[in-house]
Amino acid sequence: MDLETVKKYLEKGVGADGDDKNASTINGMPSRFFENFIMQGLHVDQIEKGRVLCSMKVPPRLLNAGNFLHGGATASLVDLVGSAVIYSYGASTSGVSVEISITYLDAAYVGEEIEIEAKALRVGKTVAVVTVEFRKKKTGKIIAQGRHTKYLTVQSKM
Amino acid sequence: MDLETVKKYLEKGVGADGDDKNASTINGMPSRFFENFIMQGLHVDQIEKGRVLCSMKVPPRLLNAGNFLHGGATASLVDLVGSAVIYSYGASTSGVSVEISITYLDAAYVGEEIEIEAKALRVGKTVAVVTVEFRKKKTGKIIAQGRHTKYLTVQSKM
Amino acid sequence: MDLETVKKYLEKGVGADGDDKNASTINGMPSRFFENFIMQGLHVDQIEKGRVLCSMKVPPRLLNAGNFLHGGATASLVDLVGSAVIYSYGASTSGVSVEISITYLDAAYVGEEIEIEAKALRVGKTVAVVTVEFRKKKTGKIIAQGRHTKYLTVQSKM
Amino acid sequence: MDLETVKKYLEKGVGADGDDKNASTINGMPSRFFENFIMQGLHVDQIEKGRVLCSMKVPPRLLNAGNFLHGGATASLVDLVGSAVIYSYGASTSGVSVEISITYLDAAYVGEEIEIEAKALRVGKTVAVVTVEFRKKKTGKIIAQGRHTKYLTVQSKM
């Protein structure tokens, strides 16, 4: 791509003078809409202290240009489902993120059933670490694996 | 939280029989809406081969429960702005993600101006690595720093 | 620490005018001594295609200032045992490292028996990803978990 | 490699009945020898609060089978030089490692002069994050880049 095209790719909707219906729709979205946008359609199949198993049918809205589940959506699910595992210990807050890392292994196409399994590696007094694995429901093949480290005592982080 | 509450947190909108207006709205969103949803409002301030500097006012829709920029949104921007740097080399594709990692350092509140600077560490024939740094525009304080590794020859990855 | 002390901490053995016996000993060590230094004492308990289970008694030489297994030694074992899993597929080379990440969860003290389990998440034609988990043998408690991504076709990386 | 050969690769020196001189030499090494082994030869070129610049000539002992700086040695230097930056704030302890991640970009061959620059991204009351970059001294080309997250209040981690 030439630089002008890259700029356009990044500025989707910016400076849209009425011709971009998306721009005003998106700007009008309610506060904290992000979590609903990502998680809509997620089902919890099993839940116990330290482990959550979810399933989801890859929805059209979360696709990337290659028509498979967007890497950013996968990362967001690592954050959200990973935090749920910390909640499963009875905490009223899941703390703040310290680090998230994801390895991408395979593509998940639209309509495909995936399962997302989050497990606590350690939930201590102040630091919690969870892993989140994405698998194809039919074959068990791993799509991605993430790790999420959180700091549990918000007040004193600084 | 008790396990039932955690389940509800994860299943926002699931099984909503008409009472959740969000559910049907979100399910009706167009294919590949994700990128517009995340990037709406992003401005490109500087762009050259190997480096992109963007700015953004933290929008209400991307907040988390603590009312600052969602870690999943940050991760998604690492993916998207990081890919743009690879495009800046003239490539027509930015490849597939191999790994994304993010360290979270500070909170960015609604309406706050942030800048996002992506730089290529290396763009080779088959592997590219970029860093993406999020800073408060006023103070230069680092909010988050991410790293994104991509594999550039999609066909032969398997 | 004041800056001069930090400098000394980093320059162990540098400028040692005969009084540091370590300096000349270390400088005289043979080429590629690193792997022997790290792995001496490692036992393979189980090995199959895609999975290796090792055990090791934490040796005095690999301790840190806190008298538990050094984080750098753990990282080195993620590299080495992770590579072995790729070899277990019959490859004559395990490629070059693209990324290594490790989360540290607990301390392993001198003389403690630990087990190290490495599993392949994916070994494709050009990219391989493995996880390596360190556990206390007695309790099964996780000490650390690492992930190692390698690029398998050395020649074309550049 | 067949599985027996992989086993041998991992068990260097194990069960060596007198024929392996390395085994007894290595087992006889003093406690906490690891840091000296890795850092011997490291020079501090610049040091200030929040930033350390070191240089090193890649020594034969730290090579891998491909005759360039071992990825495990690089990871260990991320740990050690990264910790020094935290010390540069005046702390008497640099805390315990929470996470280390490294991206590998290029090879550093024996005798090559490299520079290692560590910078603090954030040193708070309880969490510190530093980056460590490895470059070829002649060309400035990046060899590797690491990130090190530490937890500063050891006592309460558990």
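The first chain written gets the first letter, and so on, giving A, B, C and D; residue counts start at 1 in each chain.
As a convention for this text, a contact is a pair of C-beta atoms (placed from the backbone, for glycine too) under 8 Å apart; a residue touches a chain by one contact, two chains touch by 3 or more.
The structure displayed is predicted, hence computed values, not measured ones.
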Same residues or different residues: which describes how chain A and chain B meet, taking over half shared numbers as same?
same
So what's the Cα centroid distance for chain B and chain D, whole Å?
31
Distance in whole angstrom between the CA centres of chain A and chain B is 10
Among the residues of chain A, which ones contact at least 2 other chains?
98-99, 101, 103, 149
Once you've mapped the touching chain pairs, tell me: line, ring, star, complete or other?
complete
What does chain C use to touch chain B in their complex?
98-99, 101, 124-127, 149, 151, 153, 156-158
Chain A contacts chain B in the complex at 1-3, 5-7, 9-14, 22-23, 26-27, 29-44, 47-49, 52, 54, 59-67, 70-73, 75-81, 84, 87-88, 90-92, 96-104, 107, 110, 154
Spell out the residues on chain D that touch chain B in their complex, using ranges where they run on.
101, 103, 105-106, 121-122, 129, 131, 142, 145, 147, 149
